[in-house]
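Okay, handing you the structure first.
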Amino acid sequence: MNTQAENTTGTRLGREELAALVAADIKAGSFVNLGIGQPTLVSNYLRPEQAVTLHTENGMLGMGPEAHGDEIDPDLINAGKIPVTEMPGASYFHHADSFAMMRGGHLDVCVLGAFQVSATGDLANWHTGAPDAIPAVGGAMDLATGAKEVYVMMGLFAKDGSSKLVEACTYPLTGVGCVTRIYTNDAVFLITADGVRVRETFGTTLAELRERIPVPLEMAAVG
Amino acid sequence: MPTIASSAAEAVAGIRDNSTVLIGGFGNAGQPMELIDALLECGATGLTVVNNNAGQADAGLALLIKERRVRKIICSFPRQSDSWHFDAAYRAGEIELELVPQGNLAERIRAAGAGIGGFFTPTGYGTMLAEGKETRIIDGRGHVFETPIHADYALVKAHIADRAGNLLYRKTARNFGPIMAAAATASIVQVGTIVDTGALDPENIVTPGIYVNTIVQIGAGAPAEHEAQQ
Amino acid sequence: MNTQAENTTGTRLGREELAALVAADIKAGSFVNLGIGQPTLVSNYLRPEQAVTLHTENGMLGMGPEAHGDEIDPDLINAGKIPVTEMPGASYFHHADSFAMMRGGHLDVCVLGAFQVSATGDLANWHTGAPDAIPAVGGAMDLATGAKEVYVMMGLFAKDGSSKLVEACTYPLTGVGCVTRIYTNDAVFLITADGVRVRETFGTTLAELRERIPVPLEMAAVG
Amino acid sequence: MPTIASSAAEAVAGIRDNSTVLIGGFGNAGQPMELIDALLECGATGLTVVNNNAGQADAGLALLIKERRVRKIICSFPRQSDSWHFDAAYRAGEIELELVPQGNLAERIRAAGAGIGGFFTPTGYGTMLAEGKETRIIDGRGHVFETPIHADYALVKAHIADRAGNLLYRKTARNFGPIMAAAATASIVQVGTIVDTGALDPENIVTPGIYVNTIVQIGAGAPAEHEAQQ
């Protein structure tokens, strides 16, 4: 909430700036799962004093940074199958316990990529729906369903210029009404019971967003 | 008391055609590669395999699929950059796929071992993976009914076993091993080290020996810095 | 099955002889749960070469004999809350894992006491049904339902002389169709799909049993 | 990160009237006696308590019941030779009893922590404890539908905690502790020893710190021969 006082900054955020913004928004002491891909970048911007504990769904709390050189241990990998390291206070557990931790609502935040998010927080991020695509879901549905807060990081517009924030998803759903925030390079959106709120914009305006996004938008109350 | 087999081939020799086989591992961590190779060698076919993935590159489960030994696969993430043997079999209509969200997969395996007849989970509700399944609103939230995945065999890789079959795992190689060992009628476990009964601290056992039927020691196993404590 | 060749012995079994008989019938290498009370006696007659592993539902496999003197550790008790000891190869687990082990059918044998057993293996052993009784079930239903084989140890006749092997239980049930064998001081009964079979008698005869027991009885085929 | 309270009184100070409280322990093993005493002192009333038993003799939970602080108890085995305070309250109609088979009790607590909406269990089918409950025949076997037991608080006794809240237990004192810690909104844990984060082997953690909200060190704790390993 520390960014709410200034609702618009001059330029569109870069990939790294966006990751830094998400990291700064995570409350101290949180337990967090970062999805594969862009969300993984967030870990580079978490400050030690935030004391954030990272969960990886293949059975670990207290995951450290990616392993390099001699640190690499084939028995210690993250959900993206990348070798990682162990932080003090880590713990290991089996897959049922790991997903129980997620499904049971014990993670504070999960950060995921997305193809589309609807105005009511429906998430589509696992399947293009193309008739010849071989589907693969992994832990996407479990992550979307389980965490207390689901933050999506995505580009706001698809390659054809269409909005990925939509009235209703056209891609197959990952979860219903699960997304609470959307972080994009152009703006941060809050999904609330009263509709979608724009928390801040980066190099664009509410009016411009309203033109391109087929969802009613209001600025969030500055608190 | 588990049987201690002298080779991976001996350990899997009893696996019959048309069996359901749980195979542990997530990526290479915890993957019982030598047992899978032995299963390929032993020739059993018509298998239903349960694994997180559907084989990678030209090894292990991918070869079982390439050889058309797998009639059906139950998994969460079949399509990968190097899942070409699964992709080919699937596009040819020569393998049946049951796609399950990873946490539902784990919980269904756990349910089988725990004697639970079925459970309602919020994961997957409202998605195409819930189509045709019973649903129920519980405390205002949609849930899907999921059933246990029982199996004839489990192939598991652990780190250390004692002669009573108690198992320790190593780091994220633990993953599906403990729940698969409990869900199968017969669990076949490859380990790096077998120690005498009594050498492991009873507080730290992850899989109690009651869930283990066959143990085979393979090679030097995993790095040895995590030694048995007592 | 080693006793099937001689179906009748001269005298009624004592309490200890009955425990010894049950112990001798447990297959080598079995995982066994012994209920509170009379079944606990069975542990005194298990031979080391049988390599039977005892389970206690409060979270342990590899339970050893009752603890005495300096062995007593208040953190190491059995389901009857008696201090016990630990055998080599023991393991500890939490209550959900312990009952998962039972419910999942992993125990080979469970030995329980009973008020009544029906001809189809229904068990009544937890509640007298008296209107002023305060009910308490503990793990009785879980034990009855979970084990591959449920052996009952009980006196064959109640104080009023009535048979405790009945056509249908009049006491509240613990489990339906779960009992596979009944060990009594007078005879051993097998509950089979074809009805109740008398495996052996002790100081009585099939004819005498038929007079007092309101259930069709046949001798078991000698194998 | 959990709060480290300086006393049992401080640890339980937030417990409000009409809360649901899970209390660990089986017999005296794992029973958080000092936390229960502090709960009695703090005066919270109208409680729903979940425990295997319903108090024994003139201590702990039995005194909570004697003082009529417990509106309802969910347990498997209330009646014991020394459960006189429960017996009196029950016969006076001043406490509600929900009797649950012990394994169903454990699984219902586990389900709450694991986000399961309900499950079918064979235990209790065909008995008076299944009366009024949904039943279903699954694979030819009768099952009863059971629901999760969520709670506001858990009072748990563990052996050793690190400052991140990771817990080790000791022998059969483990019992309900791990599943209760996971099922409650806020878990309050008394331990014999608190060690620095990093002093416990990550392979051996029984309750990960994510499930722990408050820790308090009480007395000398349990015997010390089972030390933290690393």
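Brief remarks on what is shown
Each chain carries a letter (A, B, C and D) given by its place in the written order, and its residues are counted from 1.
Definition applied: a residue touches a chain if its C-beta (ideal position, glycine included) is under 8 Å from a C-beta of that chain, and two chains touch if they have at least 3 such contacts.
Small disclaimer: the values here were computed from a predicted structure and weren't measured.
Hopping across touching chains, the smallest step count from subunit B to subunit D is 1. Looking at A-B and A-D side by side, the one with more C-beta contacts is A-B.
The distance from the centre of subunit A to the centre of subunit C, each centre being the mean of the chain's C-alpha atoms, comes to 55 Å. Centre-to-centre spacing of subunit A and subunit B amounts to 30 Å, using the average Cα coordinate of each chain. For the pair subunit B and subunit C, the distance between C-alpha centroids works out to 34 Å.
Across the assembly, subunit C contributes residues 60, 86, 92-93, 100, 102-103, 146 that each touch 2 or more other chains.
Under the contact definition stated at the top, the residues of subunit D that touch 2 or more other chains are 107, 110, 114-116, 121-122, 169-171, 202-203.
If you check each pair of chains against the touch rule, the ones that pass are A-B, A-D, B-C, B-D, C-D. If you check the complex, the residues on subunit D that touch subunit C are 26-30, 76-80, 86-87, 90-91, 97, 99-104, 106-107, 109-110, 121-129, 142, 169-179, 206, 222-223.
Partner subunit D is touched in their complex by these residues of subunit C: 56-60, 73-78, 81, 86, 92-96, 98-100, 102-103, 122, 127, 133-142, 145-146, 172-176. Within the complex formed with subunit D, the subunit B residues making contact are 107, 111, 114-122, 136, 138-139, 141, 143, 147, 168-171, 201-204, 226, 229. Contact residues on subunit C toward subunit B in their complex (touch as defined above): 29, 31, 51, 53, 55, 60-62, 86, 88-93, 100-107, 146.
Those residues of subunit D lying in contact with subunit A across their complex are 1, 110, 112-116, 162-164, 166, 182, 197-198, 202-203, 205, 208-211.
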